[in-house]
Amino acid sequence: MSALLEAQDLHASYGGPAILKGISFTVGEGGITTVLGANGAGKTTLLRAICGMCHRRGRVRFAGQAIENKATEDVVRLGVAHVPDGRGTFLHLTTEENLRLGAYTRHRDKTGIAHDLERVFGYFPKLKERRKQQAGTLSGGEQQMLAISRGLMLRPKLMLLDEPSFGLAPLIVQDIFRIMRAINIQDKVSILLVEQNAELALDLADTAYLMETGQVVLSGPAEQIRSDPSVRKAYLGY
Amino acid sequence: MDALLHQVFAGLASGGIYASLALALVMIHNATNHINFAQGEMAMFSTYIAWSLINIGVPYWAAFVATIVISFFAAAAIERILIRPVEKAPVLTVVSVFIGLLLILNSVAGWIYTYTIKSFTSPFPSEPPFGNKFVSSHELGAIAIALFVLVAMYLFFRVTPLGLAMRAAAENPASSRLVGIRVGWMLALGWGFAGAIGAIAGMMIAPLVYLDPNMMAGIMLYAFAGALLGGIDNPWGAVIGGFLMGVLENVVGALIGTELKLTVALVLIIIVLLLRPNGLWGHKVVSRV
Amino acid sequence: MNLHHLKRAIMALFALLALTPSAHAEKKYDPGASDTEIKIGQTMPYSGPASSYGTIGKAEAAYFKMINELGGVNGRKINLISLDDGYTPPKAVEQVRRLVEQDQVLFLWQNLGTPTNSAFHKYVNSKKIPHLFLATGATKWGDPKNFPWTMGGQPTYQAEATIYAKHLLKTKPDAKIAVLYQNDDYGKDYVKGLKDGLKDKAQSMIVAEQGYETAEPSVDSQVIKLQSSGADTFFIFAIPKFAAQTIRKTYDIGWKPVVYVNNVSSAVANVLQPAGLEKSVGLLTAQYFKDSHDPQWANSTDVKQYLDFMKKHHPDGDPKDSNNAYGFMQANLLVHVLKACGDNLTRENILKQATSLKNLELPMLLPGIKINTSADDYFIIEQLQMARFDGKEWRLFGELLDY
Amino acid sequence: MNTTNKSQLLIALAAIAVALVLPFVVPDYRIFQLTMVLIYSIALLGLNILTGYNGQISLGHGAFYAIGAYTAAIMMDKANAPYWSTLPVAGVICLVVGFLFGLPALRLSGHHLALATLALAVALPQLLKYKHLEHWTGGVQGINLLKPDAPFGLKLSQDQWLYLFTLAVVVLMFVLARNLIRSRVGRALVAIRDHPVAAEAMGVNNAMYKSLTFGVSALYTGVAGALSAIAVQFVAPDSFPLTISFFFLVGIVVGGVASIWGPIFGGFFIQFAPNMADYLSKDLTGAVYGVFLLLFAYVMPTGVVGFLRKLASKSA
């Protein structure tokens, strides 16, 4: 499996103290990589650093291109869909408008967009019901579905997902993770998943990294990480 | 009764003025979430540009189009150069920049063109239509143009991807970048369009109230009130709000006298806003936390 | 007459003055005066809502610059310190105190605005600083008993309105009157003058009054209301912008009353042209100085002087703006007063000279208007002449009317 | 008392010491200007309590300033009331008006609140000129007042005395404001500004607090207005143009939003920036003032106080 995304010695900050202190990782082409860690470990910043949403230093390559100096929208245009924490919903716009915005970079492709809309409605039929509704009125779970769908509308090569399970009921979380796997397999989208729920994340991922205070402390295939005693104790609770 | 009817028509005519400037306010609001207090002065300055062009012999419609284009680029440049540095500053700082811009435009216009009033050409016939005594051709024409701008703007925001992207950029810049929207350009574009709409408004207003550096002071207040009354995020609402404002002001003046007409009109609007916090036709925003 | 001639004429005047006895009198100075300089203070609305009047101060400064280049007054340069008050009373107080206490001007001159001057009226009188020829037409500036140091600088609004009242009573005693006025001291002074002039008939003759605020975009609504009152005579007491709107609207709605428009808003270029000359036919007003762009004065020497002055010395200003002509005339008047003071440049003497003008004729004033003042008459211009607009120019008619 | 509190107290005492010396070393006309700075800073403090700490934008504080000024003027002119007695009355009247205005206003937010307050500022001059109130307000002509002499036979000029009197009021008002902001009430205000929903959930009565804030804010501005009437010795509708409300807003931005010291700097700006602009250009006075605003926004987007804090934290 060749690397789709590769970061080396990545540092990041928001102008103040360093949040990422030189970390390296890769996301394989077609694979699912997960980053685990406690609150404040720097997981969200890691995703933001890839997309140029904070000050960063180091090397990041995506699909063979250096992106460490690219603006957010240019990284996105290369095919990186970032589903941010807090879901980034356009609350005043309708569900459908939110989805159309996902496909903004190829807004001339009318038939393609229509097709993709149907595809995401296939994954999340709830969204079709809420199509004309203001997105601010959707429930938390629906907004998460909307956020993932919006990312999909980009037809990305890589999706960055920031805690998709956050604040959602277990059943909905399972649903979402099932669909993420489907997206990975059917749509050939590689995934970088940041998650608190280590159990679920390790089930889904093929590779895992463990972060503590801005550094990678452990990495390897998901199975191996799962069996690591310290991880079991700290993150899996058994 | 005839007099009251006449007041209603006069109110509609002034309402058309408020509506056209209100549209520029809606444009910037939808693109940037700000209320641009300098909008009136920008429109005034655009009108002086048109006046200068007409004065050196450029035919009216050529000057009209040229002014719109110049205003578009000038407004976009203002956003890029003057507003961008405070993009991330607290909203009050931005308001302060707007006030600064207002003062600069007003003062520079007075310096270049002096404060004496100038008549401004109307593209419409000088005879009132159908021989009526209620509305002049220009007033009717100005209303028609305001409605035309309204429809164009509505379609732009509702139907085109660019319009959608602009609304998105205003609401949530971070998310917008994540779908590939160049937010900086959306803001500049929003200002550009608002500048262009303001220019149209100015050129329609000036023949009625005459061109002078302070021409927009009162109009801006009414446009602001009208836009909020109708709903600042909705061009239709803002236009209807503008017309309502014009009629309200005239009818109140006719019924209770002029001494307190402004006060009464404003109190009425605030009562409406208390009952309908998003304006009469604004979009209700419900958000879950 | 070109500039060269103007310069020569002024120099000749100086030569004459050098021969007058006062020039040899003992030199006496109060603060602000010296062998080389006369310091004068002024507040003007260079910013704020009344900034359109700022050009008066600029025209006056330009005039003194010209005079100084020609050698000044009795060998002294005029130093006009003109400060912005933004047309707000607190700022005016502050700036006047600066002028008096820090800059130590000899006297104050042409301060603009009723509210602004009102704010420091008492202060300058308690300090005994001459407060001369104010650029406002309120009546209270002519009260030598209570405020001996303050003098107005133009016909009062009330007096002007009284003249209209008299004219109306003579020509149309059964008129039904509608009044449009600016809702501030300026407009209300006119209304008061009109009512005073109509005396006991005011109640019955005035059938409708409508005020407007300067912040209002248009006065269409007021005009319609006034029309519906059935009035056949219409008084417009407004500033140029609203007067032009009113004249046009009155015509457009087919209302044909006898229209009186106040002097401030009677300029052909600034008001009647924007309103439409054909819509202005028959307007009445009272004048005291020449409208520089009225064709009938095109050949008069002083108007040419004025236009020449504007071109050479105040090129940023609009010569059509009657405010500039006003400033030109006022600066002229002041130079006369200062010359008359000779070398006795005390505040007392300045006031004395300002209050003993006899039959002075000034450029830009209508032919025949003479300035007379005395210790108990502080009004400098007390003559006006009625005029009717014929579609091209104001036709003066009748006598000069004193008040 | 922790170290920042201590150093703040030291700065405050030093500032008061300088302020006490000033009237004895500068001429009367400068004292008058400094008195105006103090007066503006009280008004700005009031606006800052509302806008800075409670997050409600007001474009209409000029109205409260005017109400305070007219209260003082009418009391002194019609009832021969001593000047000092007008301050509490002006404050209470503005408190009540502000509170009553705040009651409905709290239903409005953002732009709508801005419009409602703007309407207040627009309507007030009209009311002052209203024919049925003319008897009290003096209508368009306004009211002239006399400046108070120093009491107890003190050998002070009128300007010196009024300055010292104003300074005392400033110190009192600032101490009260500081205590208010550091109290539970103050924390509630900030909570309402930052997390309205959460504040409500935690049992903060938003509605009550917001209206009260409006009232207190108006009280401050009203007291400032009363002082201004005494200092300027004149009130008229033209003393309170719409621009004054805008300049108050600008003043808190320049000084520093949500800071106790900001209003002092803002007061200096409101007082001296127009003079500077006038000094630099007669043709473009307004434009120069506008450029000042832009420069302040660019160089010190968080106001003078924010700028100083940044400098201090960098040097620390």
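Think of it as A, B, C and D in the order they're written, each chain with its own count starting at 1.
The rule we apply is simple: contacts are C-beta pairs under 8 Å (C-beta built on N, C-alpha and C of every residue); 3 or more make two chains touch, one makes a residue touch a chain.
On a predicted model such as this, the values are computed, not experimentally measured, just so you know.
J.: Among the other chains, which touch chain B and chain D together?
T.: Neighbours common to chain B and chain D are C.
J.: Identify the chain pair with more contacting C-beta pairs: C-D or A-B.
T.: Between the chain pairs C-D and A-B, C-D carries more contacts.
J.: Farthest chain from chain C, going by mean C-alpha coordinates, please.
T.: Most distant chain from chain C: A.
J.: Centroid of chain A to centroid of chain C, CA atoms only: how many Å?
T.: About 75 Å separates the centre of chain A from that of chain C.
J.: Nearest whole angstrom, what separates the Cα centre of chain C from the Cα centre of chain D?
T.: Chain C and chain D have C-alpha centres separated by 37 Å.
J.: Just how far, in Å, is the C-alpha centre of chain B from the one of chain A?
T.: About 42 Å separates the centre of chain A from that of chain B.
J.: Distance-wise, how many Å sit between the C-alpha centres of chain A and chain D, to the nearest whole number?
T.: Once rounded, the distance between the two centres reads 50 Å.
J.: What positions in chain B touch 2 or more of the other chains?
T.: 103, 107, 110-111, 221, 259, 262
J.: At least two other chains touched by the same residue of chain C: list those residues.
T.: Where chain C meets two or more other chains at a single residue, that happens at 47, 49, 51, 54, 183, 213, 215, 316.
J.: Mind giving me all the chain pairs that touch?
T.: According to the stated criterion, the contacting chain pairs are A-B, B-C, B-D, C-D.
J.: Taking the complex as given, what residues does chain B use to touch chain A?
T.: Listed in rising order, the residues of chain B that touch chain A are 161-162, 164-165, 167-168, 171-172, 174-183, 233, 283, 285-288.
J.: Which chain D residues qualify as touching chain C in the complex?
T.: 27-30, 32-33, 36, 122, 126, 129, 139-142, 144, 228, 232-239, 241-244, 274-275, 277-278, 282-283, 285-286, 289
J.: Quick check on the complex: what are the chain C residues that touch chain B?
T.: Per the stated touch rule, the residues are 47, 49, 51-52, 54-55, 183, 210-218, 220-222, 224-225, 227-228, 240-241, 244-245, 252-254, 269-271, 273-274, 316-318, 320-321.
J.: Quick check on the complex: what are the chain C residues that touch chain D?
T.: 46-49, 51, 54, 57-58, 61, 82-84, 86-91, 93-94, 97-98, 100-102, 113-116, 118-123, 183-185, 188, 213, 215, 316
J.: Please output the residues of chain B touching chain C within their complex, sorted ascending.
T.: On the chain B side, the touching residues are 2-3, 6-7, 10-11, 13-14, 17, 103, 107, 110-111, 114-119, 128, 133, 136, 205, 208-210, 212-215, 217-219, 221-222, 249-250, 253-254, 257-259, 262.
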